[in-house]
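Each of the next two complexes has chain A plus one other chain: chain B in the first, chain C in the second.
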Partner chain A sequence: MSGAAPWTIAGVRAALAAKKISARELAAEFYSRIDRRNAELNAYLTLSPERAYAQADRIDAAVSRGETLPPLAGVPMAIKDVISTRGVRTTCASKMLEDYIPPYDATAAERLERAGAVFLGKTNCDEFAMGGSNENSAYGPVRNPVALDRVPGGSSGGSAAAVAAGLAVAALGTDTGGSIRQPGAFCGIPGLMPTYGRVSRYGLVAFASSLDKIGPFAGNVADIAAVTAAIAGHDTYDSTSAAVPVPDYAAGLEKPVQGLRIGVPEDYFGKGLDPEVQEKIHAGIALLERLGCRRIPLRMPHTDYAIATYYIIATAEASSNLARYDGVRYGLRAPGATLTEMYRQTRDRGFGSEVKRRIMLGTYVLSAGYYDAYYLRAQRVRALIARDFSDAFEKVDAIITPTAPTTAFRLGEKTADPLQMYLADVYTVTGSLAGVPGISVPCGKTRAGLPVGLQIFGPHFSEERVLQIAHAFEAAGGFSL
Partner chain B sequence: MKISREEVLRVAELAHLGLSPEEIETYGRQLDDILAYVDKLKALDVTNVEPMTQVLYPAAGADGAESHPELREDTLRPSDVADAVLARAPEAEKPFFRVPKVIDR
Partner chain C sequence: MSRLAPEVLSRYEPVIGLEVHVQLATLTKAFCGCSTKFGSAPNSNTCPVCLGLPGALPVLNKKALDLAMRASMALQCQIQERSRFARKNYFYPDLPKGYQISMYELPLAIHGCVEIELEGRKKRIGVTRLHMEDDAGKSLHEGFAESGRWSYIDFNRCGTPLAEIVSEPDLRTPAEAYAYLNTLKQILEYTEVSDCNMEEGSLRCDANVSVRLRGAPQFGTKAEVKNLNSFRYLSHALEYEIERQIELLESGGTVVQETRLWNVAAGRTEPMRSKEFAHDYRYFPDPDLLPVSISPARIEEVRRSMPELPDAKVARFLRDYGLTPYDAGVLTATRSLADYFEAAVRAGAPAKAAANWIAVELLRRLNDAGKGIAECPVEPAALAELLAKVEKGEITAASGKKVFATMFDTGKRAAEIVAAEGLAQISDTGAIEKIAREVVAKSPDNVAKYRSGNEGVFKFFVGQVMRETRGQANPQVVNEILKRVLAE
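Now for the complex of A and B:
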């Protein structure tokens, strides 16, 4: 990137309104950046210039007519490739959907475009969003723009890398067990997992339906708030989307955080936490205390059970959801003499190894004789983990933890041992299971120059407060601690 | 061993996955590791805990009906996507998807 200040949503609006640049020129500028950097980063899988320029021209026409511009007018954005986009290939980073072109838009995508955003293209991720390093993509890993020999995190690694490298102003990701927050932390940008039900999942290709959430990455918290405001709210096409009013997130950002009670659960600071990460998180908490937040020590006793619970529930749901890839209606079909043979050949060729592993595990825990011992038990423990959160929120307004136990690891470092990869989700899956919102914000860098992420959880539908704390932290210099 | 080779084969069959001999060996070993790890849940007493089968209800408030007006009327609405959907199918013959022969006589 050049030395110029990065584009922000407010900056794009101001530049368009002042006619310093047109939406078309801005899109072209981002495509030329993508041309220069994408071969190395592999952040984008598909570019959608036709759709981008058509939208840019609509915005430019509105500018020339002197109309009030919509909130995301002309903002160049990237969309994770598990979110359906009409007429634009949506692969889920899988061979199964290599040529799949959705006939409709996901609600989140449609709302973004209605708010004026310009879709540059679709971003790489772990296949069907299953992974924590982006190394499970059928189209090759993404490299972390901060350190090219390291992973960007996952599963939304392409979206995080695109924003961090200045190849998009903001991006949509999805978070099932940490897939927005962890890549945000690894790439040094904020990323928000909204409350379950806050953003419609219509058009999001399902991985684990009780855990999947769509949310934004951006360069700063105000931009996260703007994108969230555009996509949040009830949708008749998703019966699990909530009819809870969407507050004015931007207006809430400047509220003082003085007097807010921040809970620090000791269960998130145990074995496995990198000492340098711990040091940065403690510095981040100290900064929030200087801003007037009151630190309250907490116990969340079921934290240690979250990974086991998550990997039973998520894989069980995945094994059901991915049953639809059978070669009949869309996507890959491999030849087979009988219907069953066709199913088997198709799934064998179409799915990568992590997806098969999770389908196997999920099928096992749901199968006769094991359902009670694994799946039903995991659902009961999930209730205990959710209760840890509701008990905590009786005493505190927000919970502060590290986002991940380490900084970005090297490509290939954890691929041989799936269980070790799963354990890296230890601090994010808890909130995913409870359904609460969580944001990861940058909290400085280690001596090796690798970003650390600080995680802020709030009660259900408290995005406004989570964003308010994140914004105060950013304004006080927390990002560069 | 938590999971035998026979069980791996049975699960693969249930999931319609045709695995290679190497995959059967690798997945067997890895599933074994993962199942041994998740056994830690057995340490918890969950006898009086209701399973969490719903995420949104507790999130949106205690009163389910009040907070869940999404249970809309079951009314017909026009949908005109059949052609677009069939156009993307691996093999179609309007208005059907074509598949290999299902029943042998």
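Now for the complex of A and C:
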């Protein structure tokens, strides 16, 4: 099927129902694509054909029995390698978990399977989801399929690249500070960070527990809606998942956006924003205005503090979350003469430098004597940033910003300067800290042909509205502005 | 024996506070659905959550929270509207997540007290706080084929729900500490918060100990003594530690603030290597768990489910059953014994007689057999049947004891034993008179003595009649008949 229009979830469904292709054939088709492209892109770390074909066969059996197919029947999907998959190696792109095979499925994976999805394999990412370029993977960087000398963004770079390159119809990523939206922007595909609590974190290997979210990448907004609907909803295994009903996202997509108030915070258009990106975003906003949205200027005064706040809270939680990788029970164990020596050797060899940097930062900010000045203060600022959002949503229905200040940068361009790398998260971490949903949708390309991402934030649990605006934007040609 | 002269010891006042960990009596663990059953095959009661596998998340066991709330109420603590689980971070092989889930800044309950009684004097001991936490696994350093090379870890206990109860430094003697722990244990058993089984580690105790010259305004430097996991160890360790500190001060030294371990074999406290406890635990709120919000309605719900506490039960036993304070005290020592007594009364046993039999006969036999009341072979209803027979005069009190012994040994009911052994009391005046006449006829000498005024001989005749009837004759009837026959 390569060369033809890209597969969509609806297309897969129609083809299966019309018996034009079987789920097994479709999976095989994607594996052959992966065969051709993955060496170059390095998007997949592990392929799971055994599980994929078993899933595909179940769908094919359902087709042959004439049963009603589940919503994601036969859809070839990729899963970021920080999401636990039973029987399929889950490395978190770390040496620490090179041979770790989870005995259980993350709730999101389980729900995808129940919805009929076919798991092609596990995708590359920054180690333990820590990074914004996918260069922190212990298994090598992912290349951006749009421009092979450039990063795909991170941390969910493998998932974004796989979908953008047609190596999966949809993929799960995770977003802690921008790890779905920014790679979506860099690779030119939509990616949704749901509200904190919308999708269960059970089985998602924790980086920063109060910020981690699982969300989808896909080629179009309708597919984002379909995958979100499949994984969203309360889970008794995650105390922080919300018992909020899941609306019919697909049904809400076609609602007109006429009259919606879109806030444009000037704080997101300052120093550091690439002029070409800014131009595209303004064009995107103008398009939404033509669709009947009302543009409302906003101030979100605590935006400047978001990066510092994020890196204190995220690293503090990470320092504790990653303590379990001690060589005792699973994963890497480096020999040592004493217990302490074994811990040291294991963690020294198992973790890459960015992970170590964050563990050290986090350990520091939680230490006796520093806790109040850093962690506690960061929590207070986090509350102020969340208030910026709730204040804004008194006046507007959604907030429109650039997803990232630049387009995809070159491999190696920022690796020497971690702080520069952190600053690339400036527009995404705000919404992460506030816990609100945000989607990045393609908003044209720069003259160099690099995709620009437009970000749409909505109030807590307003995925339906965020998707509705994104869909209207897509339908009006916004993706190729 | 003390190495210090009593005059020296008496110049100092010990100050003791206890930190007690109790296992909450839930069927499943604090944050997952694994069984808390003791003695299962190693690592059989485990899952991704309690093994701390990547991605697993804790979900609070409601029953554990209920029991911790019940304990808080029984200890007269204020339950906080909002409490919060925190992570206590440290590395240890049997701590799979690299942190313990505990409560730190916002404990479940604060400001409680326990009333202890010592030599008839009552004293209130403050309870600073009660908080919940999960237990670690167990490192096993011996007993396996390759124990020389490896340590083994059993994670069955890992994730078991605990309540930590911290007392104020209100205890002044090892005896008070003993009484406090004993009272605490009794309350927790009563309220079914914990089985308080020290052998199985359901109740563990650490102590903060310091000494000061009597009358000194400030506390001395304290040492924390760990591993006081039996009442005996508690007394011994506290006595040892108090004398150690006094000796140190008397010889011009100072007490160092440190953690010490009670070495059972050596009978002394020893400093733990600094590495084992010098932690900055980097506590912070656990982002995986929501703050615990407790509404007044929830408190009320738990209060309604609260069983009667020991003090209230004693008062009720005195009032409703007319027991002596001694019997009431004995019978309420444990809730199961009190329940046994009340079950016997409900089955028809006269209260005072039941109290007496349980406090004397039953407890003695249980003691001899090394059994607890839960394993008592005589059911309360069976005891009631026996007491009814004694009460109605169907058997004598002496026979009653024999029947009881058989019941205890065989588990048979009283009626069966009485019938089988022919112990039914003889009140048939005809039968007794026949025997009395025979006895009198056999001893003309004694009859003569009796008639000449030697009344002491009467006991001889009673004894003979009782012997002939194998103790089953009604003593009152025997007396009357003998007096009549001898007077003829």
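The criterion applied here is as follows: the second predicted complex is superposed on the first by the 479 of 481 C-alpha atoms of A that agree within 3 Å, B and C clash if a C-alpha of one lies under 4 Å from a C-alpha of the other, contacts with A are read in each partner's own complex, and residues count from 1 in each chain.
Rule of thumb we're sticking to: contacts are C-beta pairs under 8 Å (C-beta built on N, C-alpha and C of every residue); 3 or more make two chains touch, one makes a residue touch a chain.
In this text, all values refer to a predicted model and were calculated from it rather than measured experimentally.
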Please indicate which partner A:L339 is in contact with in the superposed arrangement: first for chain B, second for chain C, both, or neither.
both
First (chain B), second (chain C), both or neither: which does A:S239 touch?
both
Looking at the overlay, what does A:I312 touch: chain B (first), chain C (second), both, or neither?
first
Look at A:Y100 in the shared chain and tell me whether it touches chain B only, chain C only, both, or neither; answer first, second, both or neither.
both
Is A:V205 touching anything from chain B or chain C once the two structures are fitted on A? First, second, both or neither.
second
Please tell me which partner, chain B or chain C, touches more residues of chain A.
B
Output check: A:R324 vs chain B and chain C. Expected answer is one of first, second, both, neither. What do you get?
second
Quick one: classify A:T363 as touching chain B (first), chain C (second), both or neither.
both
Taking the stated contact definition, name every residue in chain A that is touched by chain B in one complex and by chain C in the other, in rising order.
100, 103-104, 210, 236, 239-240, 319, 323, 326, 328-330, 339-340, 343, 363, 367
In the complex, the residues of chain C that touch chain A are 48, 51-60, 87, 89, 91, 93, 96-99, 153, 275, 280, 282-284, 287-290
Using the touch definition up top, name the residues of chain A that touch chain C in the complex.
82-84, 90, 92, 97, 100, 102-104, 106, 201-206, 208-210, 236-240, 316-317, 319-320, 322-324, 326, 328-330, 339-340, 343, 363, 366-368, 371, 375
Interface with chain A, chain B side, in the complex: residues 3, 7-8, 10-12, 14-19, 23, 27, 30-31, 33-35, 37-42, 44, 46, 49-53, 55-56, 58-60, 67-72, 81, 84-85, 88-91, 97, 99-102
Tell me, which parts of chain A touch chain B in their complex?
100-101, 103-104, 195-197, 210-211, 234, 236, 239-244, 302, 304-305, 307-309, 311-312, 319, 323, 326-333, 336-345, 347-348, 351, 353, 356-357, 359-361, 363-364, 367, 374, 376-384, 386, 390, 418-419, 422, 435-436, 460-461
